[in-house]
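The data blocks that follow each hold one structure.
Each of the two complexes below includes chain A, the first together with chain B, the second together with chain C.
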Partner chain A sequence: MKTECLEWLEQLPSPDGVLASEQLIGRESLRNLGLPKKYSEAWRLTNLKRIEKILKLPLAQSNQYENSIDKNQWPEIPKDGVRIILNNETNYKTNLPNGIRFLSNDDIKETINLSHQSIDETNDWGVSVNKACNNKLLALKVDGLEEQSLEILIPSQKETLNPSRILLVLGKKAKLKLLQVIIGEGKSSNNNLIQIHLDEGSELNHGLICFGKNDSSLFTQACIKQNIDSKYELNAIQHGWSISRFEPRVFQQNGKAKTKLNGLQISSEKQQLATHSLVNFNGPEGELEQLQKSIAADQSHCIFNGAVKVPKEAQKTNASQLSRNLLISKAARIDTKPELEIVADDVKCAHGATISQLQEEELFYLRSRGIDSNQAATLLLKGYCQEIINNLPVAAERWQILNQIIENLNK
Partner chain B sequence: MLKSETKLILEVCDLHANVEDQPILNGVNLQVYAGEIHAIMGRNGSGKSTLSKVIAGHPAYKITGGTIKFEDNNLLDLDPEERARLGVFLGFQYPIEIPGVSNLEFLRVSTNARREYEKKEELDTFEFEDFVQEKLKIVKMDPAFLNRSVNEGFSGGEKKRNEILQMALLEPKLAILDETDSGLDIDALRVVAAGVNKLATPNTATILITHYQRLLNEITPNYVHVMANGKILKTAGKELALQLEKSGYDWIEQISSNKEENQ
Partner chain C sequence: MTGQNTVDKLVSKPYKYGFVTDIETEKIDKGINEDVIKLISRKKDEPEFLLEFRLRAYKQWLKMKEPNWADLKYPKINYQDIIYYAAPKKSEKKASLDDVDPKLLETFDKLGIPLSEQKRLSNVAVDAVFDSVSIATTYKEKLAEHGVVFCSISEAVVDYPELIKRYLGSVVPISDNYFAALNSAVFSDGSFVYIPKGINCPMELSSYFRINSGDTGQFERTLIIAEERSSVSYLEGCTAPMFDTNTLHAAVVELIALDDASIKYSTVQNWYAGNEEGVGGIYNFVTKRGHCRGKRSKISWSQVETGSAITWKYPSCILQGEKSVGEFYSVALTNNLQKADTGTKMIHIGAQTRSTIVSKGISAGKSSNSYRGLVQIGPQATGARNYSQCDSMLIGDQASANTYPYIRSQQPQSNVEHEASTCRISEDQLFYLQSRGINFEEAISMMVSGFCQDVFNQLPMEFAAEADKLLALKLEGSVG
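On to the complex of A and B.
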């Protein structure tokens, strides 16, 4: 297993660009880690055969971009909107709205360091792969009191490995609505790392749509550092990947921040979709509201692992985590696990998990009004997804994700 | 009443039904003609709600004998949605909450399903909004409820109004209202009853399942039936409801068991 990793590392180009030092760190970690192993708790449910395939893919090249991306499915950009496409270029040239600017290389050096207590870089496979092979960074800073909005589109080139990295800094009291869209293509793999720093009183509404197709895979990590009085809301949707793993990690560095994490994963065929979240409270009076939903159809598999850490200094933490799951096929599988580590003694930490099928009483109610059973099931599934989709930034509507999901489930 | 001139809408013959191998209906016979209002009363567990669900086609009940005819159709051969499209409507005792599904969308899809069967034109979103505004007046319902999820967070009274609103939209030939009066205050009861009265026509029929005389003060039934142990024990005019209110169910069950002994 280790040799496969070493072989892969050997054929990578020499470290280069603003992320050169990061590449060295990532390569060193991977040398020690090798491929993920079944006996490790974080990977025991993962289909490791599909992971092995990822390192066999060549890296995506920027000069191949125009020929290998299918843009037909992309909705138009709204008149006053801004879309940045991560097209495997090393420099992104886009007209940014007032209030958002590119970070300078000096700024980047100062803020890029990931290591805070939520992430053990040396033991983090997805992050290490990204660091090892990625030399492209989109680094943005949002300032001012006016609310900004932004769409970042991350396509994949067919039959390649597509790494990308985003560094996003929100200054004091800055507000942003961010829609991040990751699209998979035939036999591609996408690995995106987004790092977010939220300064005092800033607010980020983060929508993440991850749509794969045709045997594509996804690793995506979101590392969020929150200062006091900041608000972070995430609504993340995963659908259609042969294998995907989304790892949101939130670090409330001094507590007293608000975090809301909503996730929805919809799997069909033989897909395996996973969310491994971690929220780490590092000071008092932090808040977390987390809702994770999954729908598993056919012979697919959905996984959720929700870790919450409340150390001694995080008194008066108020956290709740709910995992609600729908199994709509006898051969489908759902694994869901809360993982609460609470040391502080004056906290509220609630958690719960349910797995069910479509409710017979709900179906009968709809059918008793003349709605046929297929249409009734579709209405119920739509309703189930809507609870998360409705919270996405408005710009997400153009992507018509609900229709795509239902279409795929009805196949 | 000259029954030969009016149309038979529902005919239940010797109906037997089980739930999880437990017999609940033990030979129900009932005929309902156009223009009639029937009330079915009886103790808890006597089989009233089961009868209504079996007529609507609830999949949890297994029919072990008998027939249900609705006009010229054998209802037991049809799915619940087909029965609804023919014009059978069940007002639920406990309307189901469906989070995430918009009430307006639900009402529109169901109305169009019924209209399609009736060969009426399908209503698009805008036409439906006009149509539903008219019907809201019948139940004096706040239009804000249209934009919420189906029954989610509705009070008991609002849920029942929503049921009658659905009845108004679907224009059924047979409406079975299962304890529509339970959980209603006096004002809400009057509104709901007025809605039912308004929707009853000479061509349609209504079956009210209720525990209380007070609903029958507002909606006058042609017949009152008393159910016990999965059968209709006694049928009479509206005066039976008054008698039940005064004396309870014991005397009827007494008479019936005496009858059986004599046989």
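On to the complex of A and C.
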């Protein structure tokens, strides 16, 4: 296993650009880690064969971009909206609205160093792969009191590995609505790392739509560092990947921040979708509200692992986590595992998990109103997804997510 | 606050059962190898098949690695520095209790386990195990009238070899885990229970385990078989003297329930937990598993875990028979530097199987208390249901409470519900009770007792009262 990883590292281009030092760090830790192993708790349930395939893909080349991306399916950009397309260097130079600016190289280095000290775990496989091979960075800073909105689109080139990285800094009291869309194409792999720093009193509404197709795979990590009085809301949707793994990690630096994590994964065919979240409270009076929903159809497999850490410093933390799962096929499988580690004694921490199928009574109710059973099931599934989808930034509506999900489930 | 003084005073309260019985014991040399296993087997006059079983397990054990996934950090155990067999001299089983060494009887009397039958008022049959051997089993004759077999496993090997051959290792195979393999190789004694068809066991059965030697590991093995339409309630208690060294305890318990049978297994575990600095104490690595083989069978585990420096224990139910039921009720209390990683596994295989998990963890001092449980619904378990609830109570800001519930479902026509909460003894509640004239200590013990009520309700009567007192004693003053 280790040799395959080493072979892959050898064929990478030599370190270059503003991320050169990061590439060295990533390569070093991959040398030690090798490929993920079945016996490690974090990868126990993952289909490792599909991961091995990823490293066999060549890196995406930006000069191939125009030929290999299908833009027709993208909805139009609204008149006053801004869309940045990653993996296409010409598009980085979009005109940004007032209040948002690109970070200078010096700023970038400083911010990256700051991240190292807190949440970027060097022994995390996904992060290390990204660091090792990625040289594309989008670094933005949002300032001012006016609410901004932004769409970042991350397409994948067919049959390649597409790494990308976003650095986002919200200054004091800044507000942003961010819609991040990751699209997978046949046999491609997408690996995105987004690092977010929220300064005092800032607010971020982060929508993440990850839609894969055919044999595409996804590794995406979101590392969020929150200062006091900041608010972070994440609504993440994963659908259609052969294998996907989303790892949001929230670090409440000094506590007293609000975090809301909502996730929805809909798997069908033989897909395996996973969310591994970690929320670390490092000061008092932090708040967390987490809701993770999964629907597993056909022979698919949904995984959720939600860790919450409340150390001694984090008195008066209020955290709740709920994992709700729908199993709608006999051959599908769901694994869910909340993980609570609590040391502070004056805290409220609750978690819950349920796994079931669609409720018989609800179906009956709809059918007694003259709706046939297929339609009734669709209606219930729609309602189930809507709870998360409704919270996405308004810009997400143009992507017609719900229709696509239901269409795929009804296939 | 006055609490702090009482903390120190009460935490340093000596462990009541920490005395050593000064009795001549017969020990074999330290260490483990094939010869030691053969020696143990020879000492117990075991038939050939059992020696083979032991040797197979030993070979398996050598190939295995000590598990490290649990939330427990402890120094490496030197398995060659343990005595695998120790027995009080002159310990041959006597026809009547009068022949048993009076010092031993005295020991059990001190522990509140009267073995002499005339002294007993309550209707409980006891099997007392001292280090590696069973000392006495009471009420044997009365039980025999009903066809119930209750004896030490060494006797059972001789008297009922066909039952042992058929069931030993059938629920916990020798290769199940590191500690089960070790136990299978060197197990010394334990209880054997057989309830024939259609019999409701007329009295509570109980085993009492006592470790006396400081350098001896205890490896007991319990096997309970409940035939069709039978039922039994079984209690288990454990204590050990105070030593500065750590003693290893690796037990295996196997339960088998056939059609319509029901087994209730209750444990009050109070092994020596080490002192405030965490010196000494028992390392408790136990594999307990019940197999609901028959239709509508039921296995219920209830446990109160208060002792041991390290606890690694997951009493489980394999729900194979249609409509079988598994239950797990647990109170785990850790104080000082104790570490516990405990929980249950409910493996639903058959259709319409049901399980309930209620786990209450209380962490005080600098201890760490983890709940780790698995609920697995297999593809054939249509209509299976599980309800789990795990609550933690934290006392002081040095202790940690961790919850790791693993849930896996492969059957859409099933329902799994899990909920958990964390709370503390709040100032408001304390104030309320104190303003009603209830003193500090009592108020805390009242609240803890209320927190654990769901579980205590499941314990047999005598045990429930004892468990309540035990918790109060262990906790008194640990709120500052």
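Here is the rule we use: the second predicted complex is superposed on the first by the 401 of 411 C-alpha atoms of A that agree within 3 Å, B and C clash if a C-alpha of one lies under 4 Å from a C-alpha of the other, contacts with A are read in each partner's own complex, and residues count from 1 in each chain.
Here is the rule we go by: contacts are C-beta pairs under 8 Å (C-beta built on N, C-alpha and C of every residue); 3 or more make two chains touch, one makes a residue touch a chain.
Computed from a predicted structure; not experimentally measured.
Superposition of the two structures on chain A shows chain C fitting alongside chain B with no clash. Once the two complexes are laid over each other on the shared chain, residue contacts for A:375 go to chain B alone; chain C is not touched. Residue contacts after overlaying the shared chain place A:384 against chain B, while chain C stays out of touching range.
In the overlay built on the shared chain, the residue A:333 is in contact with chain C alone; chain B does not reach it.
Once the two complexes are overlaid on the shared chain, A:367 sits against chain B while remaining clear of chain C. Minimum C-alpha separation, chain B to chain C, in the superposed model: 13 Å.
By the touch criterion given at the top, residues 69, 377, 379, 392, 394-424 of chain C touch chain A in their complex.
Against chain A, in their complex, chain B makes its touches with residues 56-60, 79-81, 83-85, 89-90, 92, 95-96, 98-101, 105-106, 109-110, 113-114, 117, 149, 166, 170. Across the complex, chain A meets chain C through its residues 41, 312, 315, 325, 327-357.
Chain A contributes residues 359-362, 364-373, 375-376, 379-380, 382-387 to its touches with chain B in the complex.
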